[in-house]
């Protein structure tokens, strides 16, 4: 029997602005990454998202970001490791408290956007976030890009990690994602994406753009929640996993 | 033997802007109310303040506010009870997590500025904050204006309360503070202030501006940390309490 | 020949969050009120909105608000008249500069949300905003609720005013809007709304909920841009006006 | 007769937080750079600073920044040239409007902090800001680091530039500032600083740390307004200039 975790960013509305189709996606995924107010998600959105997640039975994670509402956390900000530790600690703590207020337990942490990308390549950034996670609760699971400093730095701190892979992104021979600037960075064809996912789960390999098969640890699959076809795409992935007897469940 | 808690608002710096003399005041007071990022105090200031408080051995409380950095939380914002619950829950949670990350336990919650004043007069506001406190941790102590809805609403929810009095404010016959718009609202003379404080602690009464002695529950005294003479005033109060064999210690 | 101005709030997206269907609505209305960054609209959204308005040939107005992104400017904030003057001056100036950078001229100012509602009832608030408008440019037209302090205070300062009426709101005998808390506050039926609009334009009266006809100055009609049926409703109003030989054009 | 402009960053208070000694410094300098709300300076502080500058007769410039209050605009944010243009346009416009509301004319623009440093080295950033300045008013003077892309890119757009030099920073042989990470980056000795300033003004050269004299265009000297000795240092520079018959006046 194979198991896989599907995770999705959620709680990305802010005030009067709505984003995503959280309710529908929670029927498909097993774990969610909740914005903590720094790139999206105000205190009310966070509370509503946590309540919905509890009802749907999905595992709740914190999704800390650089402080940048207008840029949606997608722009690098040159912060020191100490500053990164501080904003991560603040954000994780806020969501943890909201979870506990409603009887849930915070399950994991996955950095957002530019912070995720920077930490994947920069061990100092990765380490600063992992230190904050450990300071909050040693049992939190650290989600990060497979094969990156996010995973290796968290492991150094004895945190349990979950290696994340992408259904709709192609990979290079060195195991890194093809940069979005490249024309073949994205997989638009659902069938191809499903095929890649099944291979990643069952063989722990991926076929790089060069055609080579490379090994890749795949413990959780990122499902995108925004964009027009996100929901359809997510549903198709979910359906195919079930057809292939792969159980969707959160990291244990 | 008499005991009294001295509390002071702290952690009110923000980024490059410094405010207050936290280090010196922590030598005098027994409990502090730490800004949580909504009227002051960013994630780094909060972490530094918590670390300093642990070193100094003072009890740490959350100081949630309306979201209003530019107005320092001093302006009423017409928020619904649900919105107030949500922002209080978020802020208290963030500080609780920071405390626990460094091995401390959050001790109390005291609303800030306009939120405090509104809740003192409006039971719905007071109740919304108290519900958030209870949701986070039933054992947190709720600090509020003596004789106000802050205390009565928190008591209805079975929260332990701490009735707050002021050293440098005068009182009306009904137990309320003389509005700041009145010429005799403030006590500028340190000796008079000390006299009022001693009477409040030892007799649980205060002499109203009318000359009448009225009863007033006094469990914690608010020490102001800003303003030119704040530190001198605080030190004088502290000194006189010790001379009068009144021990300064946090609410148990 | 009758003329009427149709105005609509626009530029209410913020960063990654989209709101409204500005492009389509600009084909219908004659003037727009552009959010200036305090309740919605960042610097990029403002610039894009101004460029689109120039292309479509609609008159551009500033839409200043209380500083409250998370509350979308819909919550009262207790600010002093001086503070209101200052934030209005700042916001109007920012949009004026953006207009002029692209060769357009700022045409009017209409306060937003809670600031609009507060100023309608409170002459001090209305006067503070009007003073800011006058300080920026005496020739700016001041849009405000017909029959309210917005109009009378601006007139006192010799500003040209535009009395605003609503297609989809009912009126009381005293000329005020039926509060939204009342069941009959809104007109959901497009035909009824059109009928009300035609009467307001051609007779400068409105039939109050009591059945009485009362006089009402109607110079500009507010078209709502959010909500599901906003665009359809706006198009229907526009169509009927044209059929009734009422020309839609900005206040001269 | 020699002339020189002394410029100083001002209006860097925010809400309840005070910074700098603007009033005293305005007696010394000839032009000021006013924070526009993105790294410091709210709408009220801006209006007060403009009023004070008018009274003191100093030339008023806009001091646009990356959007980063908590970081005081000192952290690089990876924004696109279009985003930089947009935030610069917004900020310059807001200050220009406030100036004109009180009868003053905006005189210049000088980017702040990380935006200044980035633009000095990156022609795309420099060009984006210069385009915004030109869009607002072709007659605005563009202040930037002498010998940097700030000056060359602005010149390409036919803007008048003012080459800025520093009294308390040392220079490299290539005309660049010694990085702050180097031990000899700062000149702490007032006499040495004055000597450097006089040489820069009268000979348009500076003695680099290597001992070589290099040529350097010096049209405006940056006076720091924060830090303990800022005021003393500024006064000393001002005094020495006067003694050496160098007139302090804004760029014409």
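We just call them A, B, C and D in the order they show up, numbering each chain from 1.
To be clear about the criterion, a contact is a pair of C-beta atoms (placed from the backbone, for glycine too) under 8 Å apart; a residue touches a chain by one contact, two chains touch by 3 or more.
Since we're looking at a predicted model, the values are computed, not measured.
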item: Same-site or different-site touching of subunit B by its copy subunit C, using the half cut; value: same
item: Cα superposition angle of subunit C on its copy subunit D, in degrees to the nearest 5; value: 180
item: Comparison of A-D and B-D (more C-beta pairs in contact); value: B-D
item: Distance between chain centroids, defined by C-alpha means - subunit C, subunit D (Å); value: 40
item: Whole-Å separation of chain centres (CA-atom averages), subunit A against subunit D; value: 43
item: Where subunit C touches two or more other chains, by residue; value: 42, 70-71
item: Touch list for subunit A against partner subunit B, complex; value: 37, 42-44, 46-47, 82-83, 86-87, 89-98, 100-102, 132, 135-136
item: Complex contact set, residues of subunit A against subunit C; value: 13-19, 40, 42, 69-72, 74
item: Contact set on subunit B toward subunit C in their complex; value: 67-68, 70-71, 75-79, 114
